[in-house]
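Below are two complexes that have subunit A in common, paired first with subunit B and then with subunit C.
And now, the complex of A and B:
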């Protein structure tokens, strides 16, 4: 059963067709790896799915509903959340507040009367302890190391507890130890039945984590299937080597 | 003594202006340079309504706040389409527009002649006569503004404002209608600024457009930056410091007339030094 689909999805920047008639589907509760050479449209796909960039043509189908425009603020209702390839934290806020801010009331008038609350604070503690950032809770986000920053972004996603999680190169530039931590977290997300889209250039990680692999090239679908089968295909290897 | 009381009243008024602007600039991160417009709307509401329409101070103040809120709602919708430097430029524009309304709609505002003879407030049937009594009223309003500001910044709303300041697009992805938040805080700040204007009008008893020019907005912004962005106490400090600055200059030996001229230079110099050495201001928690 598919929880998220794109139907002839198009995204153009002037003359550049970053997404070119892309029709792909994501199975509920599975981890789909998305690979493809630089500039093949992977990040653009995530930006369009999360409403950060407007759809040029085609549609996104979420939970059976076909959408031609997505407003980012409705993502929690659609059950979608994401990380960013270029880590985006609330830099001049504490590590704790970076998590708290995704747990509080969305409506402005409710937010005005809302103070700190035990339940939310415990949730912040729970997710920060899980990733080992609890000790850093009072530090400003911009004081974290690169690896910790990547980790904090994933923690924010954990706190959101969405059903569909889009991860844009969460391992990029990380040391082995940190990779292990994030592999573990992704394992837990899978065990919890979340639908995960994982964009990643490291083929070993893709092989290890994916239930299904989608290969993008020039904004379109090049190949898809089981990881081992897809990664052995000549056209896939060529697309990567040819870049 | 009378002069000290005068300085204290002016500090209170600017503390109100500073704290309210800090909600917009320091917390929401919107570089608004139009605060004097709302200050002026509050002042003109009291001037016009008490002098020629028989309103009392508090009724006129409430109407002034409502007018400021309406203007801010409209300005917020338009300027919400801009970010960063463009936002600042658009806000300049609005200050200039409101200023020219004060100056040119003479049938209502008397234009450059200004409005003289604005009465003092009546509190519980008692007319405020002395400046000392007025100071008590001003302090009461300042404390109320302080309480409202603290209440906002310590709520979830306050944290969300900071998130908007840090990365609005990312915050939207987590489900916040950030445009709405920005409009609401802009309206709240404008209403508080209008209160500052009401106090000013009835305290000085004469207003004219020159008080509410772009320069004044820059002055308020400067005291907010000096005190510190995203720190309510800082704005109170900034207000007191900027009001006392001419006196300090006199105290360290500048002759009065030169001290008055030095003032502008000193304000400018302080801003430049801050940006160079302490961009978060004295007590600030956020760097521009």
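And now, the complex of A and C:
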């Protein structure tokens, strides 16, 4: 059963077709690795799926519902969340508040009067302790190290408890120990039945984590299937290495 | 030993604090809006004037039998509603059309001009007094400085509103949501913060504070339709020298400006006051463009 699909999805920037009639599907509760050379449209796909960039043509189907436009504010309702290749946190807020703020459900008048409730504080503590950032809860996000910033962004994803999670190069630039921590978190997300889309250049990690792999090239689908089979294909190797 | 000028120093300090409190009230609302939306809302000054004229309409034009505090609360509410209305009817549709901050600023200049003209049409362009027979009159003396009761209220309001805003920013989820929007509006929307609603409330609160400033100045010195421009300029200067978009920066900048202006004219004509304000602005722009409180 597919929870997320694209139907002839197009995204153009002037004359450049970043996504070119792309039709792919993501199975519910599975981790799909998305690979492809630089400029193949991977990040554009995530940006379009999360409403950060407008759809030029085609549609995105989420839970059976066809959408021709997505706005970022609709993502929580659609059960989608994401991380960014270049980490985007609320820089001038503390680590704790970065998580607290995504746990807020606001009614028309509640926002002016509601205080940080114990339930939310407990949830913040739970997720921050899980990733080892609880000790840093009073620090501004701006002051965290690169690895901790990546980790906090993934923690935000954990806190939001969305069904579909899009991870855009979560391991880029991380040292080994931090990679292990994030691999563990992704494992937990899989175990919890989340649908994960993972953009990654490290083929060992793609092999280790993916149930299914999609290879993109020039904004289109080049290949898809089981990780070992896809990564052994000659055309995939050629697209990556330019042979 | 006779020390010349010593008699005037307490009054200069008092005047500086009073001016600082007025500028702080404007700067607090201005910075709250700027910090959240990242554009210079030039209509802010005219919104302050609207608050003052709403009270004028209640107490003088219609001479409604209401308590002065109630009239002021209604005036602040009217200013808040006008600010919120501008956001809903002009700024939000423009943001939806991906308008740049420059476009928004020009639109706010249009709103400023329209509101000012509207006030002049309804209430005439002449200078008018807002004093009330049953209201705040009289004065107190502190170390030789004379401070009217209205000015005491101005200082108290300036400090109290700053404290309330600081509390909201630090301890409420609304404050945290505003901080999130300040940092990254797109991500804030993505994680489920209703940015339109929060920005609407920011406009209401910021404009209501401007309304309070307009009303208090009205009681202190009187009102005229063009009063908003001077308030806007001083509030903006205070924001810039304090740190534009920063709550504490605007507050601090307002008092720095108040002291600079009042001590600047100690030995020269009062006509120099505005010139001094702009000299301070230019010095800050040259030496510390990010303002006193640097992010």
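A few comments on the model shown:
Convention: the second predicted complex is superposed on the first by the 239 of 243 C-alpha atoms of A that agree within 3 Å, B and C clash if a C-alpha of one lies under 4 Å from a C-alpha of the other, contacts with A are read in each partner's own complex, and residues count from 1 in each chain.
Keep this in mind: a residue touches a chain if its C-beta (ideal position, glycine included) is under 8 Å from a C-beta of that chain, and two chains touch if they have at least 3 such contacts.
Model, not experiment: these values are computed from the prediction.
Steric overlap between subunit B and subunit C is present once the structures are superposed on subunit A. In the superposition on chain A, contact of A:97 is made with both subunit B and subunit C.
Within subunit A, the residues touched by subunit B in the first complex and by subunit C in the second are 50-52, 72-73, 75-76, 81-82, 88-93, 97, 100-102, 104-106, 108, 111-115, 156, 160. For subunit A in complex with subunit C, the touching residues are 50-52, 71-73, 75-76, 81-82, 88-93, 97, 100-102, 104-106, 108, 111-116, 156, 160. Contact residues on subunit A toward subunit B in their complex (touch as defined above): 50-52, 72-77, 81-82, 84, 88-93, 97, 100-102, 104-106, 108, 110-115, 156, 160.
Within the complex, the subunit C residues that touch subunit A are 171-174, 176-177, 179-180, 182-184, 186-195, 197-198, 201, 295. Subunit B contributes residues 151-152, 154-157, 159-160, 162-163, 165-167, 169-178, 180-181, 184, 285-287 to its touches with subunit A in the complex.
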